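Supplied in structure tokens, the structure appears directly below.
A, B and C label the chains in the order they appear, each numbered from 1.
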Amino acid sequence: MRTPWYDKIMSLDKKILYVIMFIVVMIPLLAKWTYNPAVMPEVKDIYDEIEGIYAYNQSHPDTPQGILVSFDYSPSTNAELDPMTMSILRHAFMRNIPVITWSAFPDSIDLAKTITTYIAKEFRAVYGQDFVFMGYPYPMNAAVIAFGSDVRNFLVKDFYGNLSTDLPLLNKIYNYKSIGLIVTVSGTSYPRFWVTYANTLYGKKIATGTTAVSAAEFYPFLQTDQMIGMMGGLRGAAEYEKLVEALEITIIGDDIERYLRNLYSPEDDFPWDTKIFAPGFTDEELREHLSTRKTARTGMASQASSHFYVIVLIILANLGYFFKRRAENKR
Amino acid sequence: MKKKVFVLIGCALFFFLPLIFAQESAPAEFFLRDTPNNAGEQVELTFRPLASPEEVPEFLLNITIGEKPVRVRRLVNAGKPVILPLITHQAGVPVKVEVQGVLPDGSLTDLGAVDVVSKGEWLNMNSMKAFILGLLFIGLIIFYVGRAKRGQDLFIRKIPGLEAIDDALGRATEMGRPVFYIPGTSSMADVATLASLNILRPVARQVAKYETPFSVPVKDPIVVSVAQDVVKEAYMAAGRPDLYEDGIAYLASMGQFDYSGAVSGSMVREKPATVFLLGMFYAESLILAETANSVGAIQIAGTDASSQLPFFIAACDYTLIGEELYAASAYMSREPLLLGTLKAQDILKGILLVIFVLAVIFQLLGVDFIMDSFLNPQW
Amino acid sequence: MKRTLPLFLAFFFGIIGIIVQMVPALKGLMDTMLDWMAIIAAFALAVGISSLTRHHMTKIRRKHKDIFFSYVTFIAMFFMTIIGLVGYFRPEGALQGLFENMYNYVRVPLDASMFALLAFYITSAAYRAFRARTWLATVLLLAGVIVMIGRVAFGPFIIFNDITAWIMKVPTTAAMRAVNVGIGLGIVATSIKIVLGIERSYLGGGE
């Protein structure tokens, strides 16, 4: 007797499912499809906050406000979280907002340094003036509290060994009074820590970027306004990426490649600190810089297609189950 | 006449005194106090600037803690009060803070000094609520254990995952294939691991009775030695010490994904008929559960990691959700002592539920004290 | 004695643990206990390595059919230990670089690959588990599908976006809280049982 179709569906070999999953994930990545997400209010809130800081800085050029970006994740979650820090930093540098970054774990120092300088380079940001990287403050809670008075006393030197008091940016922005927003990007429960200290003690605004799995943990903080916004998972990163891209088009224009190519000319006499980054981009680097503007949305295309694939599978399995049961009932 | 003079003077004082004080009001108000509810490792300075940032833009705090040299901290006048914790590390350390105001022209003005000696407290009032609740819980446990000892029957609802254990072990015996028991991937400090080891004993005993091959791959070295002991005792209790060997419970690997790789590998090679996944799990939960499923094993899972529960529920045949894991050892042994604690747990849960509901009702009625008294850490 | 001593220790340190939380002046005691824990944990590494070695030695001695993997384990373990130790004491030598490369380009990608397998496992788990067997299972199925579409919603599916947000914020959070309250009580109950010596299965015997 021939096996009925529903039985075949019900006992489909897993290997077939896996191979199709592999193809479904790979095609959008290879074809460089991008996904255009609808922006959720919790992500838009972060964007608006940074725009607010920009507006404030326009009207108060002598006492600007900066943002503190804390890299609270280790490399294992960077696929989801790197696009978030990159977009946030792009937004800040584009708007000339002073940026302070640091990392909460020893194994994320390298990651934080690389991303900070990588994005700074795209906007001719000058180390010490437009941004600083403070390395790995230890213990973290002491550093967070030190920011309440004067962080230069606690972090005497930055990551590169410069005295904090020698850095023009830190001489303007050295405590919470001049920090407009704290962005904590983390796959752990670190954002809770920021809420406890920086928000509860000093009333600072906290924005969080977190992995999709942890997002459910932080919704209660959004409800109580202890966090002003949240980017949840790759989806949240894609939303922010989209907002920043739109801004980039208004400010810089469509042709980012030309912009980057012409950013550093050979006759540039600005004394770049090559310890931080070397001016100019090779073709390879240019390609990379352009593709990181779409990382989250390309990843989301992959994620979207795999979600739909799983949904199709679920429907298929349920059809098989339904017809099998009906056939059994008839018998 | 005299009376009038007094009244006049009184009135004058009434009107002018505040003015005198107002003129003398300092640019800042500050006091130092020992931080309550700790061992004296910290004192805190409460600093309230009264002058506007234009009058006094900054303050200098000269802080002396014990024998240490004076530290100077700059405090920007943000117009808002600040609480500054000062770490003394131990009780009995004198702390002194001298405050100076920095005027707009850069000159300094002394605003006085405050001092305090750090001291430890004997009772942490912040933990009082937890302590009282804990005492109540212990009281309930003692009460119900007593009742259970007197032979009173305590009802316990059916937990399908635990009912299935016997059948699952029987199946492995019939098929002549091994049983795998994974006690989570956390350390002994996790109560879920302890709960899992509590279930390991009856499972191992049954396995020994049936003479089924048994394997307990572990991720934590301390858990290995405990698991070895538990299995050994269980084999002895079943009267089969001859079947026991130390290799039954072994350290597979100490890295998260190395462990899941190692265990998945041995599952694929040894094709267990039954796999227990009980304890604390992280991202590796689904890898283990799906591999077990792919080799045709019955999986009985249980964890209190709420983010991993959905994976287990989707992939496993039976899942113990959260507290069911903790109830398992009482359920399986039917020992009155353990059943008594289960009952006490239910009663406490009932009490908490009543408080929740009351709090919601009172909050709706605009009476805040229940909510407030629970949210406020101090009593 | 074999049973009494561990029970007594569990009781003694359990009670101390509670007291330390209540009496801050005894914080120093807590720190000492934590130091001891760190020391004991360091010894546990030796226990772990000995357990692993014994397990695989037994397999090799008995000529188990999977003997190959036991050899792989030993070779990997000794290789990494030796180059790691030599590299540590001679950081200028080639072995230090080899160790780092082995870590960065062998171990880390292997780790990431295991993690990435989740994508496949989720597929087959969803295919098997999301069946409309009962009406409750149907609710789960529908919620799952809605959230899956909602997380990647575009164009005509955009309505799912808002439904997903609601599902995550309201029912999920509520259920999470309920499960967590139960878990919290379970943890407390188990801890008290262990401290009071009511629960002793973890010591091997209940009798």
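As a convention for this text, contacts are C-beta pairs under 8 Å (C-beta built on N, C-alpha and C of every residue); 3 or more make two chains touch, one makes a residue touch a chain.
The structure presented is a predicted model; accordingly, all values stated were derived computationally and were not measured.
J.: Which word fits the touch map of the chains here: line, ring, star, complete or other?
T.: Basically all the chains touch each other, so complete.
J.: For the interfaces A-B and A-C, which has the higher count of C-beta pairs in contact?
T.: A-C
J.: For subunit B and subunit C, what's the span in angstrom between their mean Cα positions?
T.: Roughly 17 Å separates the two chain centres.
J.: Need the CA-centroid distance for the pair subunit A / subunit C, whole Å please.
T.: 27
J.: Multi-chain contacts in subunit B: which residues touch at least two other chains?
T.: Residues 294 of subunit B each touch two or more of the other chains.
J.: Quick check on subunit C: which residues sit in contact with 2+ other chains?
T.: Within subunit C, residues 111, 115, 122, 124, 126, 128, 130, 176 contact more than one other chain.
J.: Residues of subunit A that touch two or more other chains: which are they?
T.: Touching at least two other chains: 14, 216.
J.: Can you list the residues on subunit A that touch subunit B in the complex?
T.: 14, 145, 148-150, 153, 175, 177, 201, 213-214, 216
J.: Provide the residue numbers of subunit C that touch subunit B in the complex, in ascending order.
T.: Contacts found on subunit C: 18, 21-28, 40-41, 44-45, 47-49, 51-52, 54-55, 58-59, 65-66, 69, 110-111, 114-115, 117-118, 121-122, 124-126, 128-130, 176, 179-183, 185-194, 196, 198-199, 201-207.
J.: Spell out the residues on subunit B that touch subunit C in their complex, using ranges where they run on.
T.: Residue positions touching the partner: 37-41, 91, 120-124, 127, 130-131, 134, 137-138, 141, 145, 191-192, 194-195, 197-202, 220-222, 224-226, 228-230, 232-234, 237, 245-247, 249-258, 260-261, 265-266, 269, 283-284, 286-287, 289-291, 293-294, 304, 306, 309, 311, 313-315, 321-323, 325-327, 329, 333, 335, 337-338, 341-342, 344-345, 348-349, 352.
J.: Could you please specify the touching residues of subunit C with respect to subunit A in the complex?
T.: 111-112, 115, 119-120, 122-124, 126-128, 130-133, 141, 144-145, 148-149, 151-154, 158, 161, 165, 168-169, 172-173, 176
J.: Quick check: in the complex, which residue numbers of subunit A touch subunit C?
T.: Residues 12, 14, 17-18, 21-22, 25, 35-38, 40, 76, 212, 215-216, 219-220, 223, 233, 235, 300, 303-304, 306-311, 313-314, 316-318, 321-322 of subunit A touch subunit C in their complex.
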